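Two complexes come next, and they have one chain in common, chain A, joined by chain B in the first and chain C in the second.
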Partner chain A sequence: MDIIILGQQLMGYIPLGDIVLYLAPVNLFMFASALAFTTLIAISRTETQVEAGVGTLKDQEVKVDKDEFKIRRFLAIVCGLATAGAMITGDLFNFTLFVCLIGIVNIGIVAAVKQIDVLDAAFQYGLVAMIAILPLFGGAAMILASTGTISLLEIAHIPTTFMMIFGSLLLFLGVAGETGVAPFYATKAEMFRTPGSPFLLIIHLSSLLVIIRVIEILLIINKPF
Partner chain B sequence: MSRIGRFWNSLATPKKIPRFYSVILGVLLLVGFIMPLALNDQQLYPRPTPQLQIDENDPLAPYDRGGVPLKEPGIVKSQYPQFSEKSGMVTSYLSPIAIGVSNTTIYYGTSIYSSPGGLIDEILYYSRGFDTILESTILMMAFVVATWVALHFTMKRREEE
Partner chain C sequence: MANILLNVLIAFLVGSVLFGLQRKIMARIQMRPGPPIIQHLLHTLKFFIKESTFPKTAAMPFYIAITAMLSVIWVAAIIVGPVTQGSLLLIFAIYAIHKIVEHNAGSSSGSPYGKLSCVRAVFSAAAEVPLFAVLIIIYFKAGTMNIAQIISYQAANGPLIYSIPLAAAMFFVLILSKAPYSPFAITKGKDIISGYETEHFGLLRGYLMMSESTAWYMLLWVFLTVFIGGLSPLWYLVGMLALSTIVGFINATTPILNPNHSIMTQVSFALIGIVGSLVLLLY
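== the complex of A and B ==
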């Protein structure tokens, strides 16, 4: 297969049956950075927050205990691997599955916290992530119905119809809910108010990388240029 | 002006976010009703029409894909035939129990027997095997999170004094 996607020559592909992971420079770079960050997280320890008492000397340390540390590290590593996978997959349905995995794991990372505000926010984020599964998979199914294939390498040659545009809108709304970007950001912002910094950062990084990737996918599907 | 301010403020309240998201999703889904449908009939993963097989009194009714195990491939189309050369070879495999049941009734295809080891959906397990792995990973992570929360009671049961 000699294919150019968005102006970049493919450097190779990894065939797993019908699911073909493709290696293009941008995707490879994002894949490598996701993996590098995951490694950093796997070998680091959590921060400790200090809650200062105003007017007194009663400063309080907020620490992460060992059980919590372990489950968070595990879920953060899974989240990093899922992000890395979402970067190089060349199959639309596979991509939606990776995004879904990221959403579930994000809830898990903050579910181990013992602060009520944070848990409430995580619950609301979980609700949005559950609702977002409908447009996410619905969009992929809509694109499959209108093109007859879900391999991005094939979709790149098929002229765009209105149904594909609608499908990709649904897909984008699904990813937006699943990663919690701009208008739906409040739930995630509350989630960060908890100790255990390096593991929380993977939530940020995964949503940033996934948004970049979904824009690439939307460009491949809709071919505006 | 104050109305817009109140709207921005409501966006900063986590409790309002699921409602806000559902409204946007609902508006977008309404577009689906007036959308011109342009379905592609050259589908990648085809199935024969269910009525056709039911009228023929085929015991495997909606799921018969034909073929003989390990000898003759069934009706399986894959995106990249060059990556899955042996595709379709075990699609029609039936376990001994399944063969026995399918000889006694014509409703075998829709019965509960037809699933594990009865009729293998090869598209799922062979050409799209990676999806199966990911799906079960999602399920496993959900169980990991639920188990951890259940074992450690992360909710504060009572407010601290």
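== the complex of A and C ==
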């Protein structure tokens, strides 16, 4: 195999009909990391958050109750699997679907919490994530319309046009909104005040890994050389 | 395998001594005698032989595994960097996972200090990840993300620090933010004790400190390699000493910023660096 993407040798690809998974060192590393963290989330219990009590010298313990634990763990595992999928897919449309799923379950992970400030933050993040769906899919659709394919292996060989650059900008805007990174991070950080460290990990993990993946995808689509 | 072990050992020892050197420089500037240069190394080794205790509020086994993760990813970075000279994008991914570990080492203990550090880590990631995005500018200039090819490019065209100086400055700000006592070290500010490390004791703290030293060495190695080029071991050491000394001077003379100011300053650097570098590339 002699396919080189961004200076890294492609180690192989798995064609599953329309779905093509490609195996390059960066993608495999991020895929393995996402799966490792997801396994860790599945087997971990949550921490007890110790806070200063108001009007007393005693500590106040904030715990995750059993029902909340079950639903949040399920959503965190779904988020981990979606993140792993987004890391390894060689198909632009699947990538956008995985990112969209990550956005939805991220809201779900914190929406189960019974803390007003956290719910407010989740609501605001949810609004941004929902709005971001439009540029996310719109960008992918424009790239499909201008290249005739959603396979990144094919797009890597197609010369960049203005519409591909415009589609990429929309795609980046969509991913930024879905993952809640800058400039949308302000509300998202407040979501991390709730207990449930293993579940919060996956929210942060998915955002950062998806950002790295989208940088890789944008460089594949918009070839500067 | 021997090559990997040797590089890991060098990274740990050199990183630890450079941290010690920084503390010494800071102390002398502040007219204190300061600790010995090998203090950070001694501290790290000391934690490996101390008793390990675990908070009863911790999220097990997550709380333990997160420290192992940190060690593993920086060993992986050494394999990708000095050993195989692989993809820069992979080092970017490793750095992103470092931020996640920083975030969750804090929140997994249940301590309010760790939790505050965790929230600050989320904030700081929003600023540090754009700073790390400087690697894209290197790709635009050198046409590759492969470290070996970037070294070859610089051998033929001269060091990248001359052609994309703003990108180098951005990366230096990132390095600065990872130094203890730096103006951007909000995740380990003394107002929250030791930040995300506060509730990790004994062996686990030893692993955290060992990984920090390795991470420091790796960040300096990446800076020297991608902005100056492939150097001999002696010149790498000289370069790392020089960078650590500059960082020591900055840390000694600047207060730690509050989280909002820290993020806004870093984001401003990132914005100026990215836009400025792109303009320099176009003209």
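Convention: the second predicted complex is superposed on the first by the 220 of 225 C-alpha atoms of A that agree within 3 Å, B and C clash if a C-alpha of one lies under 4 Å from a C-alpha of the other, contacts with A are read in each partner's own complex, and residues count from 1 in each chain.
Basically, a contact is a pair of C-beta atoms (placed from the backbone, for glycine too) under 8 Å apart; a residue touches a chain by one contact, two chains touch by 3 or more.
On a predicted model such as this, the values are computed, not experimentally measured, just so you know.
Q: More chain A residues touched by chain B or by chain C?
A: Looking at chain A, the partner in contact with more of its residues is B.
Q: So, does A:Gly12 touch the first partner chain B, the second partner chain C, both, or neither?
A: A:Gly12 contacts neither chain B nor chain C.
Q: Could you tell me if A:Ser151 is touching chain B, chain C, both of them or neither one (first, second, both, neither)?
A: first
Q: Does the superposition put A:Gly177 against chain B (first), chain C (second), both, or neither?
A: First partner only.
Q: Contacts for A:Ile107 in the overlay, against chain B (first) and chain C (second): which applies, first, second, both or neither?
A: The answer is first: A:Ile107 touches chain B but not chain C.
Q: Under the stated touch criterion, which partner chain does A:Leu127 make contact with: chain B (first), chain C (second), both, or neither?
A: In the superposed model, A:Leu127 contacts chain B only, not chain C.
Q: Would you please give the residues of chain A that touch chain B in one complex and also touch chain C in the other complex?
A: In chain A, positions 189-190 sit in both the chain B and chain C interfaces.
Q: Quick one: in the complex, what on chain B touches chain A?
A: Against chain A, the touching part of chain B is residues 11-18, 20-22, 24-25, 28, 31-32, 35-44, 78-80, 83-84, 126-131, 134-135, 137-138, 141-142, 144-145, 148-149, 152, 154-156.
Q: Which residues of chain C touch chain A in their complex?
A: 56-63, 65, 69, 73, 76, 86-90, 92-94, 96-97, 99-100, 103-104, 107-112, 115, 118-119, 122-123, 125-127, 129-130, 133, 136, 139-140, 143-146, 149, 267
Q: Applying the document's contact rule, which stretches of chain A touch chain C when the two form their complex?
A: 6-8, 25-26, 29-30, 33, 36-37, 40-41, 43-52, 61, 181-182, 185, 188-190, 192-193, 195, 197-198, 200-201, 204-205, 208-209, 211-212, 215-216, 219, 224-225
Q: Contact residues on chain A for chain B in the complex?
A: 15-20, 67-68, 71, 74-75, 78, 93-94, 97-98, 100-101, 104-105, 107-108, 111-114, 116, 119-121, 124-125, 127-128, 131-132, 134-135, 144-151, 154, 161-163, 166, 169-170, 173, 177, 183-184, 186-187, 189-190
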